[in-house]
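Single-structure report; data block below.
When the chains are written out, they are named A, B, C, D and E in that same order, and each has its own residue count from 1.
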Amino acid sequence: MGYIDATFKTFGITLKNLFRKPTTIEYPAVRRERAERIRASFALVHDANGEEKCIGCKFCEWICPSQVISIEATPKRESPVTGKKRGYASDFTLNLQACIICELCIQVCPEDAIIMTREQEQPGFCREDLVLTMDKLYANEKKTLAWHTGAALMEMQNPQRGQEKPAAPAAATPAAAATAAPAPTEDKPA
Amino acid sequence: MAVNESDRSFDHPLYETLERFPGLDLATTAVDKVLTWGANNSQWIFPMATSCCGIEFMAAAASLVDLDRMGSITRGSPRQSDLMVVAGTITVKMAPRVKRLWDQMPEPKWCIAMGSCAISGDFYRDIYSVIPGIDVAIPVDVYIPGCPPNPEQLMAGMLRLQEKVNLKRAGLWSPPETRPETGKTIEPAIKRLLQAGRDERITAAQLDQAMSLMLPAVDLPPRPEPEPEPTAEADAGTTEAPAAPATPDGGHHE
Amino acid sequence: MTPVALARAPWPDPYLNVDDYDPEADLMVINLGPQHPSTHGVFRVVLYLDGEIIIKAIPHPGYLHRGVEKLCEKLTYAQITPIVDKNDYVAPMLNEQAVNMAFEKMLGVEVPLRARYMRTILAEIQRVASHLLWLGTFAMDLGGALGGGTSVFMYCFRERESILNLFEDLTGCRFHYNTHTVGGQRHDIPAGWAAKVHQTLEAISQRIPEYETMLEHPIFVRRTKGVGVIDADLALELGLTGPLLRASGVDHDLRRDAPYHIYDQLKDLAVAVESEGDCMARYKVRVKELRESIRIARMLIDNVPEGPISGGRPIKQPGQFKAKGGQVYVGIETPRGELGTYLIAGGGKMGDTPYRLKIRPPSLHALACVPYVFPGHSLSDAVAILGSLDPIMGEVDR
Amino acid sequence: MSESENNTRELAFRRLLRAQFGVEGEPEAPLPDDGPLVAREHHKALAKALQAAGWRLYVTCAATHFPAVPGKKPTDATTPECFEVATVLRSVGPGTHVARWRVKLAADETIDSLVRVFVGADWQEREQFDLVGVIFAGHPDLRRLMMPEDWVGHPLRRDYAIDTPHAPWR
Amino acid sequence: MTDTLEELMLNPVIRALFWGLVMVTAVMTVTAWTTWFERKFAGRMQSRMGPTLVGPAGLLQPLADAAKLLQKEDLIPDSADRFLFNLAPILTVGFALGVAAVVPFTPDILAADLDVGVLWLLALSGLMVFPTWLGSWASNNKYSLISAMRAVAQGISYEVPMVLAIMVPVIMTGTLSLSDIVADQVKNGWLIYRMPFTGFFAFLVFFLAGLAEANRIPFDIPEAESELVAGPTTEYTGMKFGLFYMAEYIHTLLSSAICAAVFFGGWDGPFAPGLHWMLAKSVLLFVFLTWVRWSFLRFRSDQLMDICWKYAVPATLALIPITALYTVWHGGAR
């Protein structure tokens, strides 16, 4: 009788799973360990001199497929720290309402000014809660930052990689240097 | 948004009954506490799972996060649900159905907009067939950002909803004000995508400016340095003159 | 609309006039969907029931029509990849690959070998995840939300979770990865990933017999055997592809027959074919593919060559890809069948956006068989058949 | 083996097109990259011939709208509005070959439906009718597939505004 | 004082009322926590945790559910038949609890020691299909209607093997009173293993029929979430749905209790008091029922009828003469 045999086997499977350890993460109490490359939210960062990195070039605003970034740039002016002439963003808004976390803004940023954080934004009671204003973005800098930076991604995607030794990235940011893109040799089983 | 929070007020007849009898009205506070606790901890979900977020919703109900831990099970019938989780894009064709199902749910009921599509319509929000956010049709209590949000985020949203229910039942809830300074970004339209050029605001001059603003510090490993992108042309290309390919052959062969 | 019989016996007539059906019969018209536990999204079928037997089914897709094709006409090639992720949201990797392969063909970009290996591996792992999800939801369709079906569903999701962790390690996202780009990949394989892939896939392949045991119970067999038979002729004419076509006895797999990526180097790719064409055959084909994909992915992960992962310039500017214009068609094999991309590109000033991007979704063709297969089955069978077709409404409606 | 199979099929496809369906060129000369243009009278016959010759899998059909374009100079003639319908078929098995051809239609022309040849054309043609507005003559049930039945306009036409409002929802 | 109490308890009416009340309360309470148990058990079986956050180990979950259901708005569809719609949930719980009256937990704890307890049991479980049908019909919902038709077909069909199956213990013990059946087992051994082993097969059939009557997987065709949304209860809200939900669990619990009493010797067992044995057996059977539920897929309705009429009924029809002949051969029921 196929029925009897199969029935007992099925009982066996469910019984086996009954004694397996549940894979549940008890969420509010326990947080799952996420991947190293996890991308969750955004932050704007300062450079080593304590100056805002964003120069208001609007590349991210332009490439965003969902068009959630809006930037107001100021004309070039002299930096109070370095004395060089550079641009600034006077307003930077990233609207998480429609963000698809595609990472393209990080990818195109020439200054590594916008980077990803590893912490999710909390759910909100209204749509406005989900708008990352400039203040919020700069506040996010203090959260755990992800490795994603424009320079790191560029380095990873460089078409010439592996063919000639690339010069060490001169302007590697601390964030990028800390979590540099893994070298392709590391994961190669011989 | 189109749907107002204040449209929804519901007092269970139980309260009325309790208040009618002298002496028993004192019990309302205690009863209220119990009922709030019950409502918070037994939210049966009606999954309005239309697209990608629906899969993450399923993942949240599955063993990783297990919404059953907080007493939430999914019901197929709106009549037995307390919480509608709108997970996915709602189209013009679907919206009347969502509204109807929402109306079929008995009070007290709540709604969670899960993911960008349900919050604002995501990048589809300007497309002829997608409604720009589910709060156009039904009132939303909690918005969970992400595309799609992780299962944990959904649980966080449900915990957030419990906060809201507690505040509301205690009479401490004040609806969030619209803040004008951020309001402008809530504009549910991708103006730049729509106009003839993809971005009116980025003119050739601005692009030049952007290029000049770029510091040479970004030190890419040596690669065939592209000539600074032909900015003028790139910009001109975005003006939608149906010029080149407008003939069926595209003008590139024959 | 006057019904015109498609005089194509032996298939049921999709345009049957219900008035011509037995006038004595008390027909019940029932709406399955658009929001129904078993329709896998928002799909509506109007069923004419005689008792419990379906005599006519009128499907109504389009409840998730999001105008992706229109949107893609407005976006540049670099921006489209994250958009198409959302089409087939159970196998986003393959969506990205499909459009990017069309773009590469159009733009003449060469994909480096390492990226091609990675694409193959990702496609196969994604196939495992997709089939696992199908297995779970199919069991749930047959077993109810409060029964053994849910158990299988939970087990499948448990394993799928481990695959999503792999993807998260690689790209940083659980799904909607945006990891492909024109000319290659955006994220390189992280250190230690290969070992993780081995470990995960090994664990899954050990668990597969458990699901088979649970599902090949006589109850399941009785529910699926001989139910929803699609013969080979109907399958070909309808344009069914992938597991559905192979379950109908047609030996056709684009991975082997029109190799892309590095499939041409896989001489021993086994294509699962079953001849019955019923739900059981579709289940068997998918389980075989599950095993085969695990085998391929594990075989390839050890042989990924060194080198760059991107052939073109990395995305740095929105309009950096310029097409010369033309039309291409590229089809790849996704877990649901042939995902085609018909791309008409403008040249010159319009060179940075597609002029028309038509996506050929396998699920749309799969659902088109509903009016031919449903009649004569009971309502319970309809749910089983719909589940076995594995429709993903995101790509059906786009 | 599959390569040669593919080549044989390609040559057969070329010969068929040139011999019976009025495509110009030497019988076995390569076809244009964009796919051969076939006159609209031949459309259905070509599909039938291909089905008989082994291209049995119906893959897809894609209609495209080309709006009227005024000439560059005021003196130039306006290119009239037109449509193009591309059809893709496949042969099955190893060495599968893609047969792809295009049909050009003026704005007021219809194209023969392939429903009687491939039942799968049913939904594809309905979809293209819905989104692009090409009329498929002889289709038994040419209703909208994606959009609501009462929708006005064909969204995938180039002149259809992407953000067309639809009260009360958007 | 104690004397009067004892005297009072000797009065059959008062005794019945007292134990009836106790039984109802107990069954209701137990039912509430069986839902918790089932969710927990199913969770662990599926690599999940089940309820954990509401109270210690989620133990307060049933209370939260009840509090929630209590405050839900009471919606009655416009096109529904209001009277029948409201009547159905009351009837369903009423019938389910009615069965509890004759379940013998110990010789003393027994609401009504009917001479024809088995008949009462069969009558009530036969009626169980009635409120389901009433509610579905009154909802005026097509899904409910289909499920009502399925429920009626299934309920009526499975009533036959159920009656025939329980005839086997009746023949073997020679009584229609449930407590006498148990008492006989205490004396002569449990029916599940007593010669000529027809008891075992009768148990299998009775168990299957019980599953079908309680609409549990693999026979939950009337409910079939993936096909019929929520089956008969599709239109029910709040506590009315809660009553249906509860009735299902009461029914399942009592099925296991009756199986324990009729086939597994009821309160018979060494070392521990009879009540403990009875409860332990019932709980074990209930666990087994739950295990079955979360392990199997669902039959199709015609296949269900197949099993009933082609296998279960002939099998029980064969069991009865065998049992009867054996019993007569050995000098009648002992």
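By our rule, a contact is a pair of C-beta atoms (placed from the backbone, for glycine too) under 8 Å apart; a residue touches a chain by one contact, two chains touch by 3 or more.
Since the model is a prediction, treat every value here as computed from it, not as a measurement.
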Under the touch definition above, the chains in contact with both subunit A and subunit C are B, E
Figure out the least number of contact steps between subunit A and subunit D, where 1 means they touch directly. 2
Check every other chain and keep only those touching both subunit A and subunit E; list them. B, C
C-E or B-C - the one linked by more C-beta pairs in contact: B-C
If I average the CA coordinates per chain, which chain comes out farthest from subunit B? E
Among the chains, which is located farthest from subunit C on the basis of C-alpha centroids? E
Chain closest to the middle [Cα centroid of all protein chains]: C
When the C-alpha atoms of subunit B and subunit D are each averaged to a single point, how far apart are the two points in Å? 38
What is the distance in Å between the mean C-alpha positions of subunit B and subunit E? 45
Cα-centroid distance, subunit D relative to subunit E, in whole angstrom: 63
Mind checking the centre-to-centre distance between subunit A and subunit B? Centres are C-alpha means, answer in whole Å. 21
Please output the residue numbers of subunit B that touch at least 2 other chains, ranges allowed. 62-64, 66, 69, 76, 93, 123, 127-130, 147, 150, 193-194, 223, 242-243, 250, 252-253
Interface hub residues of subunit D, defined as touching at least two other chains: 33-34, 64, 102, 146-148, 155, 158, 160, 162
Mark out which residues of subunit C touch at least two other chains, giving numbers and ranges. 36-37, 62, 65, 67, 70-71, 74-76, 83, 145, 148, 151, 154-155, 158, 161, 176, 214, 217, 313, 317, 326-327, 344, 355, 397
Pairs of chains, among all present, that meet the touch criterion: A-B, A-C, A-E, B-C, B-D, B-E, C-D, C-E
Subunit E touches which residues of subunit C in the complex? 28, 30, 36-38, 52, 139-151, 154-155, 158, 214-215, 217, 219-220, 222-223, 378-383
Please output the residues of subunit C touching subunit A within their complex, sorted ascending. 75-76, 78-83, 112, 114, 148, 151, 155, 158, 161, 165, 168-173, 176, 178, 181, 183-195, 210, 213-214, 216-218, 302, 304, 306-318
Tell me, which parts of subunit A touch subunit E in their complex? 7, 10-11, 13-15, 17-18, 20-24, 26
Considering only the defined contacts, which subunit B positions touch subunit A in the complex? 1, 63-66, 69, 116, 119-123, 125, 133, 135, 141-147, 149-150, 152-153, 155-157, 159-160, 164, 175-176, 178-179, 181-183, 185-186, 190, 192-193, 199, 202, 206, 209-215, 217-223
Any idea which subunit D residues touch subunit B in the complex? 32-34, 37, 64, 66-67, 69, 79, 82-84, 102, 104, 146-148, 155, 158, 160-164, 166, 168-170
